[in-house]
Every structure is written in structure tokens, then in C-alpha cells.
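Alright, structures below, take your time with them.
In the two assemblies presented below, subunit A is common to both, partnered first by subunit B and then by subunit C.
Right, the complex of A and B next:
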């Protein structure tokens, strides 16, 4: 799965969450902030999106990844800042071949 | 609720004892039940399927909940029942036994709850019932490690109730009194009877007592009941 496909997957998931919760917001793209004052998601929304991403990766790629693991939580700069940083983090897990668990 | 016609319930430790009773009860009252244990089940019934999984193995737990999601699309109820006991004075308890009790009763409960909550999150509905014991409330001598593991489950229940409350997921714990299962097989009958007498009701618990509380806690109408520990028979 290349970077563009990963970004598309994240955008689809964020937009799906917004629709399911009746939320509003502008278009979602690689540079969109995921959380924070101008973020697209609240804390519950971020967790929901990460969980759904894990499930989509399992369904579509047959791979098990863990986005909310110790590595993510211990990084000085959170991989969940933007769609792009999350795509980089997910892409690294997928290309690394690690199960994540 | 889950997407299927029948709401889906996961019962851990369903091969025997309380877990088996509750799995059969839920399957007979309209749930699609997925049960698990480290070995295959020696029983079956309509509405029940068994998955072999070890709750202390994180990869196994992830695989188990993936099976639930892929076969049924979601999860409404978790009966987090799997547990082990070893009743012995602490000074005679080997480290391997301590490790096994904490891993199964506390870490297993946590791992199963975490992965189950992920499935419940999307539907904004879920009922998690953890299992503790009156051994915590009564500070039973000879059960230091077992009670410590269950005390951990109670603290975990209260905190998780806060974390998941905004998502429509309730988290409670039920603590049976002495009840005749494989877990209490090694305890002499007079000791179990003496323990029962220390409870307010003065009697042992029954499977039906547990079933009654679980029915209450998992009911859709019990959405305001969360973070609670209910001891059967007292303490």
C-alpha cells in the first residue's frame, strides 16, 4: 500500500467518523490536523478513527497493526498530529513487516 | 448493538463452570454467543460457537476479537469470566503460581476488555461484565494473591467505566460468593461452608444468582449502571 493509498484510507475513515457522528468540518487532506484546537477530531474521535483504521488494515491487507502502542505514545512528536504524520506512521509499520503486537 | 439479527456476546472461560452456564443462558435467551477457553469445548448448542484462545496471550486475544468482528460484525456484551484460583497461604505460594493468577485474572481481563471495547466503540453501545470475588471484600486469609488479582479487576472496572462511559459502554463487576466449580475444587467443603456463613446471606452462591445479576447489568435499560461491583451474598 503506497503513501497515497494510506492517506486515502485515513481520509475515508475520518470522513466516515464525521458522518456517523453528525460532525462538521472542512475537507480532509494530508495536511489536516487530526486533534488539537483546530483538529478534525476530539479525543474520542481520534481513538475511534485509530481503531477503525486497524480494522480496515486487517480486513483489506490481512495485516495486524497496533497504532496505539508504546512506540506511538513515547514519541516526542505524536504521529497522530496530522493525516500525513499518521500516514507516515502507518506506512512505516506496514513496510517494516512488524505485526505491531 | 451489533449488526446481526441477534446481539453478540463474548463469554471467556466458557468451557466449564460459571462461564459455561452463562454462555448457555445467553444463547438460550437470544444472543449469538462466542465462547473461548484454552481448550476445545466439550459441549455445544444452537447460537453458540467456541474459539480456542488463551486470554493471557495478547496475539490470541487480538485474533479472537478479529474472529468475532469478521463473523458477526460487532459485539454488544462481554462476560469477562475466565479466571484461575490457587488457595494457599502466601508463604507457601510459588512465584510461578503468583504469575499465573495475575496473568489470567488481571492481565487477561484487561486485554479482553480492551479489544472488546474497540468493537463496541463504533456502535456506541456495549456492556462489559468483569468478575471479582467476595474474597476481596472479606480479605480472606489464604487467598492473598487471588484477592489481589481481583482487587485489581475492581479498580480496573471503575477506571474503565469512566473511560468508556461517553461511548455508551458500561463496565461493571460481579463478585460471586463461594460456588461449586472447578475453581473451588481443591477447597474442603467445611471451609466453603464457613466462608458462606461469613456472608450476609449465610449461604453459597448459585449459578442462577450470577445469571440474575449479569442479566441486569447487560440489559439495554442498564445504561446508567456503570463502575459498580456487586457482591453476591453480602459481604
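Right, the complex of A and C next:
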């Protein structure tokens, strides 16, 4: 899965969450802030999106990734700042050979 | 989040710092009672009082006496700020108190999860563990910078630095306390992203304060609370309570997601001594120091 496809998957997931919760906001793109004062999501929304994203990766790629764990907490800079930083983090897990199913 | 989890705003270790209430006016007990809060006085270096008002009926026709008694009581004790809590539904009492100089600074709610069942919270996906001495510096750093809720932070006349300092000392004290006090942290050693302080008494726990580093991954807040509830359940706790600002939607939503229910809405009001040297300008256009 290339970077563009990962970004598309994240955008689809964030927009799906927004629709399901009746949330509003502008278009979601690579540079969109996910969390924080100007972010697209609150903390619970972020958790929901990450869980959904893990499930989509499992369903579509047959791969198991764990986006919410101590590795994420240990990053010098949060991987959940923007769509792009999350795409990089997910891409690294996928290319790093996370355990398959 | 202050995420920012400025959960409760009560004083830890109450047993050691119990305020002693006495009539606001010694010659007229019907005006209510007041006390100097020892813990806050120790932290701020100036006295802070707490007023327990009489009923609206008792006070309604005597606001002039109340105003005078409040000023005299504060002046005699060099109190610069007096806090007061009233049921949020009693808007008439709030209006009466505002007529003598109190200003509402915060609406608080109580959150309760009871009975806490073992399946109430799934295990967290990040480390949520009992704090150890190596976490101390990080906890104090977060405590003094991450909290934006609580009545002192909400009061535009109260210096932000003093409010931050209060939470730092709060956690210093909590970390030094023994049985019954639990401090949990979110994140592995060396990467602590948040903390939670609770008092545990048998089957009951009261979450007193929680905060997450604003720059940390956004998942730390929900996972911290989930992990804390999970651990409390594992320890045999069956009832968890907390008080929080109604403005703290982020934390309210986290509590709601864990099954907490909300009640006891209270208006928190502050009265400032007219010549209080430590308080900041009431000019709404001025940034708070």
C-alpha cells in the first residue's frame, strides 16, 4: 500500500467518523490536523478513528497493525498530529512487517 | 487535554487540612459560615476563604448585612478571595450572592460510576500503571502546565501562575501520601503522557485530578481513564466518583463513554477583596500573567 493509498484510507475513515457523528468540518487532506486545538477530532474521536483504521487494514490487507500502544506514546512527536503523520506511522508499520494474519 | 483533564478541584489529604467553619458574623449565625482554607493559603501565600451560605430565605432581605459581614470577615483574616458553592438549580441564591460581589466562575458536575463491574472498562492499550519515583518529575511538569480547568483557572482575576503552582504542589503532596492515595500514569517509563490521582477507601474511589500533556498523543486521555477504571475494578472498587467542570467537554465525553452518570450540578462563585494585592486586573482585554 503506497503513501497515497494510506492517506486515502485515513481520509475515508475520518470523514466516515464525521458523518456518523454528525460532525462538521472542512475537507480532510494530508496536512489536516487530526488532534489538538484546530484538529478534526477530539480524543475520543481519534480513538474511534484509529480502531476503525486498524480494522480496515485487517479487512483489506489481511494485516494486523497496532496504532495505539506504547510505541506511539514513546514517539518524540505524536504520530497522530496530522493525517500525514499518521500515514507515515501506519506506512512504517506496514513496511516493517507487522504480523500478518 | 486538560484535557485536559482538570477533573476534580478538591483538596487532597482532607484529613490533614480540614477547614474549620464558624459563623461569618459572630453576632449573627444566620448569615452562614466561613473558613480559611489552610491548604490553599499554604500554597498561595495569601489567605483564601470558603463561604457556606445560609438559605436564600435567610439572606434575601439582608444583603447589606451579608456584604458587610463578608468584608469584615475577610479583612480580619487578610483573606483575598472567598469561594462558595451553591446548587446550580438555585439561580435565585446565585443572583443574591452576585448582588454582594460574588461572581460565578465555574459550573461543576459530579460523575459517578456505580456499580463498577469488572467488564466496565476493557484493559487500556497503552501502559497505565502506578507511578513510581522515576515518574515524579514528569508528573509535576504536566501538573504545572497542562491543566486549564478548575475554579482558579476559570477565574479571570486569579493569576494563572498561582493556579498552575497549586496543581504542582497538589501532586507533590499526593505523591508523598501513603495508604489510600493512588497516582497512576499513562505511558511507559520515560514517556509519561499523563497522570491521574485518586483517593481509594474500601470499595469507593474518588478521582481528584487528572491531566494529559497537551502535546502528547491524543489517545493518552481516553486510555488513561480507561486504564484507571480497569485497575480500580481489579482492586475491588465498586463505586468511582469525580467532580469536574461542566466546560470540560473532552473529559465529560470520556467519562460518558465509560458509563459514568452526572448529577449534583453546582455553581462555583468567587468573591474578591476589593484591595486584594495578589489578584490581577479585572480588565477583560488584558492577558492573564
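What we mean here is this: the second predicted complex is superposed on the first by the 99 of 101 C-alpha atoms of A that agree within 3 Å, B and C clash if a C-alpha of one lies under 4 Å from a C-alpha of the other, contacts with A are read in each partner's own complex, and residues count from 1 in each chain.
The working rule: a contact is a pair of C-beta atoms (placed from the backbone, for glycine too) under 8 Å apart; a residue touches a chain by one contact, two chains touch by 3 or more.
Remember, predicted model here, so these are calculated numbers, not experimental data.
Q: Given the touch rule stated above, what does A:44 touch, subunit B (first), subunit C (second), both, or neither?
A: Once the two structures are laid over each other on A, A:44 reaches both partners.
Q: Just subunit B (first), just subunit C (second), both, or neither: which does A:64 touch?
A: A:64: touches subunit B, not subunit C.
Q: Just checking: does A:78 make contact with subunit B only, subunit C only, both, or neither of them? Give me first, second, both or neither.
A: second
Q: With the two structures laid over each other on chain A, which partner does A:33 touch: subunit B (first), subunit C (second), both, or neither?
A: neither
Q: Between subunit C and subunit B, which one touches more residues of subunit A when both complexes sit on the common chain A?
A: C
Q: Return first, second, both or neither, reflecting whether A:1 touches subunit B, subunit C, both chains, or no partner chain.
A: In the superposed model, A:1 contacts neither subunit B nor subunit C.
Q: Quick check on the output: what are the common subunit A residues between the subunit B footprint and the subunit C footprint?
A: In subunit A, residues 44, 47 are touched by subunit B and also by subunit C.
Q: Under the definition above, what is the set of subunit B residues touching subunit A in their complex?
A: So the residues of subunit B touching subunit A come out as 58-59, 62, 66, 69-70, 118, 121-122, 166-167.
Q: Provide the residue numbers of subunit A that touch subunit C in the complex, in ascending order.
A: Spelled out, the residues of subunit A in touch with subunit C are 34-36, 39, 41-44, 46-47, 50, 66, 68-70, 72-75, 78-80.
Q: In their shared complex, at which residues does subunit A touch subunit B?
A: It comes out as residues 20, 44, 47-48, 51-52, 54-55, 58-59, 64, 99, 101.
Q: State the interface residues of subunit C toward subunit A in the complex, per the touch definition above.
A: 1, 3, 125-127, 186-188, 190-191, 193, 214-223, 249-250, 253-254, 257
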